[in-house]
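Each of the next two complexes has chain A plus one more chain, namely chain B in the first and chain C in the second.
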Partner chain A sequence: MNNNIKFINFFNGHKFFAAVYLFFFLFIILPVFYIFANTFLFDNSLVSNIKQLDKNTFLLLLNSSIVAFVVSLFATFIGSVLGFLLYKTNLKYKGFFKILFLIPLLISPYILAVAWKDFFSVFFQNAKIISSYFGVVLVQVFIYTPLAMIIVGNAFTNIDAHLEESGLLITNVKDVILKIELPLIKPAIFSSFVLIFIFTISGFSVPAFFGIRVFTTEIFTQFSAFYNHSLAILQSFLLVAVCVFLLLTESKYISNASFLSVGSKGTNKKLFPSNNTHILFLTIWFLISVILPFITLVVQSFSKGTSDIIKAFDLLESAVGNSIGFALLASALIVIVGFVAAYYSNTQTKSSSNFFDWSLLIVFTIPSIVFGIALIKFYNRVVFNFIYSGYAIIVIAYVGKFSFIASKIIGNAIKQIPQSLDEAAQIEGISFYSRIKNILLPLILPGIFASFIIGFIFSFGELGTTIMVYPPGKEIMPIKVFTIMANAPLALTSSMTLIVLSVTIFMIAILYSVSKIFMKNYGFYND
Partner chain B sequence: MIKFESISHSYKNKNVVDNLNLQIEANKLTCLLGSSGSGKTTILRLIAGLEIPQSGNIFIDKKLVTENEKLIVPPNKRNIGFIFQDLALWPHFTVYKNIAFGLTERKEKDIDKTVFKILEYFGLKEHADKYPHQLSGGQKQLVAISRSLVLKPKILLMDEPLANLDVKLKRKILDHIKNLKENFNLTIIYVTHDHKEAFTIADKIIVIENGKIEADGTREQIKNSKNEFVKYFLEY
Partner chain C sequence: MKTILSVISILLIIFINGCSNNRNEVVVYTSVDQVFSEPVLKDFEQQTGIKVKALYDTEETKSTGVLNRIIAEKNNPQCDLFWSGDPVRAIVLKNKNISFPYNSKDAEDINPVYRDPENYWTGFSARARVLIYNKKLLEEKDVPQSVFDLTNKKLKGKFAIANPLFGTTTFHIAALFTLLGDEKAKQFLADLKKNKVVIATSNGDVKKRVMQGEVFCGLTDTDDAFEAAKEDTNIGFVFLDQNGIGSLVIPNTVNLIKKSPNQNNAKLLFDFLLSKKTEAKLAKLCAQMPLHKGVQVPKDVPSLDNIVPMKINFDETATELEKIQPFLKKWLNN
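What follows is the complex of A and B.
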């Protein structure tokens, strides 16, 4: 049967899925297509803009690529070591370390940037050292190392012990790790490198906070300072091209490599013995990447007593509810879109599911600020005023940016469910939605909750797109912090950041507890 | 009862079933015997409607259920039961719920009575509240069979159901399977690569290789087959 017909038939039979797809297409994909089509087909200044893509533009892109390369290299290397120690050794307290090491990844990048700037200001009396490429690299290595740790750690977990044991019969532990394990997890290492590269090269808040000129800040300048929207979009097209090229290379190299897999279970796990050097390394990394920046934030926030914290709280008070509310709403939608995309791509023929996958991927890889531009340009018209001038545009932005991640997490969870469980129900005459509700969803519940929590965290701290689309006068926490940051004393910025961080951690704890209770109540079985 | 007319099916351009013509008699236990990758599981999935062939027609009880690439009767309307190789027991449901789920969805009456009757038949009554991971291999096997039988299928498809069991358990389950045909008035199609299993239970054996029939007949006919492949296959 023709794949396109299958595609249409699938959605004809499943109206809810069709509605979700339509929502994503109309509200998120269309603005992106519109802005690219407008730039390339209808903008009269295209030729002159293309001429502006001169040597300097490409040098800046190269510059940003080098920064992204260095960050990816260090983060992947350290993350791989951490992944091995925490997932593949019998180390004590590894569960504790696994959770705490995730903190830098789970909070907004600008929070860490503020913390590290504080650290250099307090201890070296000189923030210039950190307000440089060095700072951009350092902070982003801390942010993305946990990502590499999860990806590579999960890959280690999934290696069957028999492969290692057969190696141990003929050689030593070191050789087994280097010659058997490493080649087996090479796809995960590559995946991690590519993903971190994309996050870094399209990242905005850290270089913007340190005032470092990279490709994303240049696009922002073209848009906000020079109002040259077409050039900004043209530049962003280059960035998207780099990201898509990398992802294509990655998918060619590792089809079906699992990344961001949460709760995946390997069979026959083998754990290597740990020693004191391992514990020392983990403790040092923990102190540097987690404790140090946050102690600095606390010290800086309370350097003048409680006055800064009180002032910061007054400034943020009105934005807390909004930020939590939008992030919760967005994460619910992110889970729905992510689930539909993941289900469709895992159960339908590859070629027909490509469009949905690619749509999610392209929006994900587009730099946040360019996605913001696309939404503004598309919705800034009378007919869409209810979206443009309200909060809806912010929620749409979050859903667009983070549904890809949810689709990957949920997709990995779906992949782990044997197809026969659904087929057995199908043969028994269980309807499609009943199979989803009673068989699939309970079995992938951890993946659903992980997507929800991650969607919440990312939406809650999102800055790049939000700074472009937030309606004037509306209160959002990251925007409040970012706009005040430029002129406020460092202690006030730190206090605000500390409050954002506390709210984030509080919300993660709440959501995690709710998810645990929910899974228990719904009889989730986990062996 | 089940008829394949020129069925061809391929995965990723590899022909798994090649222009196959096949007839399976009603109320018999037919074994599809063949090595790994011979296409026997695909034949089972084609009967169930879980796969749609690239060409050819499939009839069940003289009714056309699949016509070339068109699925005319979906799996749930074919009145079949399917025992998957991995058994496909829903891990988050108890034994009771695994068996009752299909009945509930079909809004059947006296579900409790029906479920406990079948549990009693297979000696599983005291395990009703257990989850699949709390059962032994043999018990899981019987739960999977119970789950299928409770919906009163006319045809039971079994895909290497004893693959992971030890010899003693295999014998026990094979005895159960032999009795099913009479006690539940079933047509059973049993896929295996183990000719000893086939010779123990089959009324008729069809030897499959490369998606084609190499030989078919009773146990004795297959044992005495002059077909080179069959002779080679039975040697091991």
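What follows is the complex of A and C.
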């Protein structure tokens, strides 16, 4: 009760925050609760559907959890090594590697799976080996390793150099890394593991492409072969439960972790010397995870000269503006929602902020197709036609899917700001919004920009929910690629993928440059 | 802060108002590949001046995304007309009471086999199930001529079918169940399993696996087979069971959605899709076989007159399909 009063008081005093919270609750949370409530409370088939959740269902969930566990383990391990090498050593060209290593994260998982399968077919004349659990794990490890690299790498950046220097006075580098650095970045490693686990267990494209049965393909089968939406939603609930359970277990680490934190202000970075083995490892990883699929795409795109690239450009030209516009708008809203959630979480008591946090997490966790169905069932009514028949539904879908990540990035940026700054300003009688605008926002600018860019990347490439809600007659890049690729020659599909990839990288470069200018003005150096 | 919020608000208003309220339009959802359906819809726009708002499906969702969307939108339909690549989805909509009957004058000379007896859906331009094979791996004399030849040990682990829970493959198997009866059909599937059938994710994947030499042959649809033969001269295809049960012929289908906003325009598009002009276009674009007599088609497009079709009733087959799906799921997962 006490928490509820605090919650109401907080939003009573902060109208803008209340408006953002209300927006998120009404536009995004309500549709999800609506379909869960419908399934559990008003669906006549609930009992028969529950009966279908037999031993095999749970075994499949276990099987998917094992796949997700293996992917998370490998991706986090390799990402941690990459994070150390790129953020904590004096390697040359590490800035270049940091950006290039992100490429697998920028390509749609489905396209990357296609590229890898084609690679095995073209160069080994055998794609059987990759159409297996091995392929599912391999491709997803490549996709999510960059995520672990960013999370763990930034945690390394935030280690206080004085601790390392003190350690080096009494022992060697190896001991400092193992006994001082590793325990300090443990929460980030857990965070990375958990986030990758959630991405993998709720991912559909890669296992579906390789024909491997996992829990999400089972949910999809209920939707698409049996048209049993209620059972599919019930199964999704189990998936969400697993993720929530995992996060509850690890919440200790998450809440204290420098999770997805960015920027390097306030720390004196201690850089360890690099050697040839480090460079060799980076080069090998670069060749395998970036160059091989990229070459496969390029070889296929230009297999008949430039005609396919030109055709691909003609096909995608009309969709470029729309896609960039939606992704930019969604990223701005994602940052706002993420900021409000993060601010509330970090300044209020844990229990009262739980609802917002868990709501963000649940929407992030549920399979895209289920979120799409939730939005359709909620918004597809005459009164909401202005949302459902227009572009707003796409923006709502993006904001719902990715605000969780933004809240975590910004949350950790806020954690690094001493509360005494805000308290001092408060004593001086500076108003709430002035403190936010003039003190907090400038200090967490790197986190804000990182959320914006990551929000843009994910929104720009989102497919699963968009395919369910995009308005007829409108064109959006990933949708266009996927609707065309169904029966298009391989060369055309690869060409379209290359164009999407180029546009993404171009936009990231622009956003990165803009952020650099802004941050320089505020005295940050961007790493 | 205020500036940023103002910009976002303006963008929001622009995007929200991005939806036009132009009512001289028709909204069509289609599971037919965009590369083939879009040119036809553009022709309709040019001929009538009616704006077509189309929603296409993706291979990733096994072309069931739009159907799921129509079902989810049931209470406030946005879609006026559904153009499906096979009758199964059309029958699903009929059974779920989402479509309504329409008797098009352009359907008069279409064989009643390819029309719903109550006019809930009407077929046009058909594909057929064929066996696609790699000439480098399979000599002409060894090419299977019957679907039952796939149980031959010579092909052990060297032939593919798409996931039998989806698309035309599921319909093909349901058709076999109606023709052979449960016992024989189940035995046939067990024999396929014993002969290590490779399960591809889609018909397109079957095509790709045959082209890349991963398997010798596989079952797919004529449009995939034609595309493959066009891309690679080492690819051939045959209509199966021409001396037996015949090849499964699968028409495109069109149905109208109940309570949709542009029903008059939808009827015009319905008629247009059933016209000889559309059939000629689809024959040219993806070698689909016209159901009307006397349609001009390219030389390499076969005529339904020269193919022995499987004699099935689409409604019965769709009912059978629903019945056997749990069995197919088990068969697939074991």
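Operating definition for what follows: the second predicted complex is superposed on the first by the 453 of 527 C-alpha atoms of A that agree within 3 Å, B and C clash if a C-alpha of one lies under 4 Å from a C-alpha of the other, contacts with A are read in each partner's own complex, and residues count from 1 in each chain.
The rule is simple: contacts are C-beta pairs under 8 Å (C-beta built on N, C-alpha and C of every residue); 3 or more make two chains touch, one makes a residue touch a chain.
As the structure is a prediction and not an experimental result, all values here were calculated from the model.
When the shared chain is aligned, chain C comes close enough to touch A:468, but chain B does not. Judged by the number of chain A residues each one touches, C leads among chain B and chain C.
When both complexes are overlaid on chain A, the residue A:442 reaches chain B alone and has no touch with chain C. Shared-chain residue A:326: touches chain C; no touch with chain B. Once the two complexes are laid over each other on the shared chain, residue contacts for A:229 go to chain C alone; chain B is not touched. Of the two partner chains placed around the shared chain by superposition, chain B is the only one that A:426 touches, whereas chain C remains out of contact. Applying the stated contact rule after C-alpha superposition, one finds that A:483 touches chain C and leaves chain B untouched. In the superposition on chain A, contact of A:373 is made with chain C only, not with chain B. Touch criterion not met for A:157: it reaches neither chain B nor chain C.
Residues of chain A touching chain C in their complex: 110, 121, 125-128, 205, 208-211, 213, 220-221, 223-227, 229, 325-326, 329, 332-333, 336, 369, 373, 376-377, 380-382, 385-392, 395, 433, 437, 441, 463, 467-468, 470-474, 479, 482-490. Of all residues in chain A, only 1, 418, 420-421, 423-431, 434, 438-439, 442-443, 523-525, 527 touch chain B in the complex they form.
Residues of chain C touching chain A in their complex: 1, 4, 8, 11-12, 15-19, 25, 27-29, 33-36, 51-65, 67-69, 71-73, 75-76, 78-79, 92, 96, 163, 165-166, 170, 199-201, 204, 208-209, 212-214, 223-224, 227, 231, 286, 325, 329, 333. Those residues of chain B whose C-beta lies close enough to touch chain A in the complex are 48, 50, 52, 69, 75-77, 80-82, 84-86, 88, 90-92, 101-102, 105-106, 131, 133, 147, 151.
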